[in-house]
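Chain nomenclature is as follows: A, B, C and D, assigned in order of appearance, with residue numbering initiated at 1 for each chain independently.
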Amino acid sequence: MYHDLHFAFNLPMHRGSHLVDDADLRKKGVTRIYDILFAYEDVLMETDRRLRKILVRPEFQKEMGTREFYHHLGRVMNEYEEKNNLGEVSILAAAYRHGIPVFTSSPGDSTIGMNVAGLELLAEAAGLKDLFKLKINPSKDVNDSTAIILNAKRYEHGKTAVILIGGGSPKNFMLQTEPQIQEVLMIPEVGQDYDINVTDARPDTGGLSGAPPSEAASWGKIDPTKLEETVTAYLDVTVAFPLMVAYVRQTTRPKKQKRLYHRGQELHEKLMQSYLENNREVEQLKNLIKKLSAKPTGKEE
Amino acid sequence: MYHDLHFAFNLPMHRGSHLVDDADLRKKGVTRIYDILFAYEDVLMETDRRLRKILVRPEFQKEMGTREFYHHLGRVMNEYEEKNNLGEVSILAAAYRHGIPVFTSSPGDSTIGMNVAGLELLAEAAGLKDLFKLKINPSKDVNDSTAIILNAKRYEHGKTAVILIGGGSPKNFMLQTEPQIQEVLMIPEVGQDYDINVTDARPDTGGLSGAPPSEAASWGKIDPTKLEETVTAYLDVTVAFPLMVAYVRQTTRPKKQKRLYHRGQELHEKLMQSYLENNREVEQLKNLIKKLSAKPTGKEE
Amino acid sequence: MYHDLHFAFNLPMHRGSHLVDDADLRKKGVTRIYDILFAYEDVLMETDRRLRKILVRPEFQKEMGTREFYHHLGRVMNEYEEKNNLGEVSILAAAYRHGIPVFTSSPGDSTIGMNVAGLELLAEAAGLKDLFKLKINPSKDVNDSTAIILNAKRYEHGKTAVILIGGGSPKNFMLQTEPQIQEVLMIPEVGQDYDINVTDARPDTGGLSGAPPSEAASWGKIDPTKLEETVTAYLDVTVAFPLMVAYVRQTTRPKKQKRLYHRGQELHEKLMQSYLENNREVEQLKNLIKKLSAKPTGKEE
Amino acid sequence: MYHDLHFAFNLPMHRGSHLVDDADLRKKGVTRIYDILFAYEDVLMETDRRLRKILVRPEFQKEMGTREFYHHLGRVMNEYEEKNNLGEVSILAAAYRHGIPVFTSSPGDSTIGMNVAGLELLAEAAGLKDLFKLKINPSKDVNDSTAIILNAKRYEHGKTAVILIGGGSPKNFMLQTEPQIQEVLMIPEVGQDYDINVTDARPDTGGLSGAPPSEAASWGKIDPTKLEETVTAYLDVTVAFPLMVAYVRQTTRPKKQKRLYHRGQELHEKLMQSYLENNREVEQLKNLIKKLSAKPTGKEE
């Protein structure tokens, strides 16, 4: 999501080639992402400078998940888009406008996470720890993403689908919502109804990135009775995604937006309620937590 | 790291085949990771039950990075290993014994993160929020991993190397330590000295997983003057890693352990000190943070 | 091209799955090509039986290249298509009707080549060697494919393009036409004008299948001044080819067919003429060949 | 096999990089195979010049398969190796010395095939067709490779194995020996006993290069009862092959050489004999061939 900011800030990115001399690029102050080239000082460092000023705004001073963090950031990007008269160039701004929740499973990994960490370091070094209150809590994202699936299936009796582009940590993060419901929260459920994977990773490497929908079914991530409807395409996303979008736009009518971001609190409460109603360990775990009151908390060795 | 727990707990994993009927596996209560099979109830659910009881121990009741979190978990796994007379089977236990810091860039993604989130949900639902204090703060990991590199190069005048197996979020998390030093903290540095990548992802997909060391050099992640010494092997890690380990064991003598985990506080202070000495924005950012004291903090819409 | 015959013969092929038990398939007499299933006896063996009867027809009793061989086979497939009222199902039949030359670089590899070899073996075993005269001469194909390129560029002053789907031996066979002109026949030329590769093989394996157009330029296969116009797509052909065909059909008008098959003799004579005019070794090689008349021919040890 | 000649001729090849400017290489007369660089004029053209003089030697003036062709070429390479005091540098020379048959499935594809075709063109153009008698007959290779497998299993009651490095046409050529025995010649057999594939092609592309041993079993290429002993490694051959060779050398003693090249005639006769004894169509096909005597042979349209 960091690179989305360059677009909203209207900082120039250039299409070049991946066949370049990178030692030379570094000397000339040019940074490369495959075949995209941009200035280290005027784009990368400038984006960081602007980002840091945004991160010390009051609305960021709290503990939150990335769902809420990206919403606040999306609001600022939306302002930049409008102010710069850019049309629609930022994904975060679009998600903000349409109330679409955006999550990351690895909040510390990216220049956004680096700058959050940098400000926390400064606040500590400068004795201002109590004023800079931004903390990303990954547990909120685990529960908030899970609440969306639970609500769709258990409360609205609908169907759910995951569209997975690429693999790695984001893939599992999306797929673990069902095991979170069934295995950890112990709420009876049967897995996602549809699963579209676009990947170039193969199953034989043994990794998650290439794991096909059938493997996910053995975990309860995907409804095993619907395996025949799952699809895996070994394709570059730059080919697959335009084809999928073009198909959807040609064959379906616009639907009413769900604006799920704005239903965060409602979904969270439903998740807690289902948990309390179904979890077989609630009493045991409550007792264990209560015992903590008597004990001193942990210290790092 | 979640699957490391099965070994320390002495719960049985079986080598099978990836050519199996996953709907049938699900019916029979068997879970699959490529060609590894294990029982859903007696392994997966049992691991979770034990894990939850560990996570409510006193030493886990604090805000921490995964560096510290895995250290506490490693101590418990070490106890299980010893108690069960298992020999060396757990990576976390070994890291604990040798004082090796372990990080993850995506703390919410994995069954460990799911159970942390589940306990946080329960504590809130049961009105026990103040007692269950475990929170993972990714910013700590960003700064703690960065502090290791800074210390090695700036304070101990040594060399640094990254060995990257696979890609995705962990790859960038390791590589971003240098940009964190140079770009965010603004401490003069020139990038890692050695970079070994073992991957099956190719550069032409444009993603980070396949990005070669040269692309990293254009970001200052790798010292561009040392690009000729970098190595990328398109190999399955199950072939590459044993070859590398065998080579190292045959050609080098044991070295004194660095036990970097136990130097966490020292490295953290060096990082803060270098930051304050070098960062050109310290005063500006301090002033921005100070202004926060007058304002109300953010509220979710 | 062997599997093209099943379609013209109207023998049933079934779409199945690649996740099947092949030992079981073999027991049940089913043969598999990835996810295509067909009967061993009624499809595979039946195709062979019909093919053998075709191969002993008089028009096949001669030495020829695969260009001519496939033309005769295409005529028979065209008859089957018409007789069975099948519409257009056979590639060889379509090539026959439109006068398009079809080549293979590996005539012995495929069930067609196996049956040609089987008949040659029978003819020898039965003392009928003089009657069964079908011999595939690969040199004819090398020269006939080269003659097409030479004619297009040198005699018709046009441009040439290669569309390469996949890699292996067919890829080099198409690309070697320019080196055959420049290096072996010593006729001045500069390489193909356009080169479209659709492949999933990567350059880093070092093999030809993944070699990009630029490598071909260093051989004179591709005009090096036109490298910027070359395209390599790492894509499954089942995605790439329909997109390419749809684009061509939507953006161009039908052209007059070249019917190059029927110009075989004319192109062959132009190739000989250019060779005699340009080759610097003609006299030397003629003298070496003339000396052969005095010597006994080779014997296998 | 063409590039094997450079080594025996002692013409210099250089290790370079694949990250070079190929238009520039072409201008400077340098040819590239991935990261190997060599001179166009002094290596490529010089190899061709020497090769053409070899191909007009008397022992090459006959119709043969590549099995015999490479044997004659190997004898010449062996002379070069000895004369130039090079040690063992040529694969063809080594195969010659040890009586190992070498086959190619695509004789026209390669600079060797190009030069054979060039000489045939010259002989025709110069009216010397009767003197230059070298013709590659792929049917001989199909039958000669098949005869090796048949002899090992049916006459010597041994076991057979295929070691397949890479895919494409050579892969099928080796594997089709069993279908040639069972399907075309109709001799009862059950497929190869061992099958080791080293490849980076995946089954999901649907192509032969990535087809696993199980798919081969459905064709009778591999004995389906031995599927569990087959191995596929998705590995670069430069890693896999040295490991395999080192393992074999460390764990086995030298065996008596089979010198199969020199048993060509014996194996061929056994193949004919088994064919006549088992084939159910012998009489029918003999009759069809006999009828050819009355008819004129084919003419190209």
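In this text, contacts are C-beta pairs under 8 Å (C-beta built on N, C-alpha and C of every residue); 3 or more make two chains touch, one makes a residue touch a chain.
Just so it is clear, the structure is predicted and the values come from calculations on it, not from any experiment.
Visitor: If you tally the C-beta contacts for C-D and for B-C, which one comes out higher?
Guide: Top pair by contacting C-beta pairs is C-D.
Visitor: What chain is the most remote from chain B, judged by the mean position of CA atoms in each chain?
Guide: Of all chains, C has its centre farthest from that of chain B.
Visitor: What whole-number Å value describes the gap between the mean CA coordinates of chain C and chain D?
Guide: Distance between chain centres: 18 Å.
Visitor: Centre to centre, by mean C-alpha position, how many angstrom separate chain B and chain C?
Guide: Roughly 53 Å, centre to centre.
Visitor: Give the residues of chain D touching no fewer than two other chains, as numbers and ranges.
Guide: Only 202, 204-205, 234, 236 qualify.
Visitor: Determine the shape of the graph in which chains are vertices and touching pairs are edges (line, ring, star, complete, other).
Guide: Complete.
Visitor: What does chain A use to touch chain B in their complex?
Guide: Touch residues, chain A against chain B: 18, 22-23, 25-27, 30-35, 40, 44-45, 48-49, 52-53, 56-64, 68, 71-72, 105-111, 113-126, 128, 131-133, 135-143, 146, 166-170, 172-173, 176, 179-180, 183-185, 200-207, 209, 211, 214-215, 217-220, 224-225, 227, 236, 238, 262, 264-265, 271-272, 275-276, 279, 281-282, 285-286, 288-290, 292-293, 295-301.
Visitor: If we count contacts the way the header does, which residues on chain C are in touch with chain A in the complex?
Guide: The contact residues of chain C facing chain A are 233-236, 239, 243.
Visitor: Would you mind writing out the residues of chain C in touch with chain B in their complex?
Guide: For chain C paired with chain B, touching residues are 19, 202, 204-205, 234.
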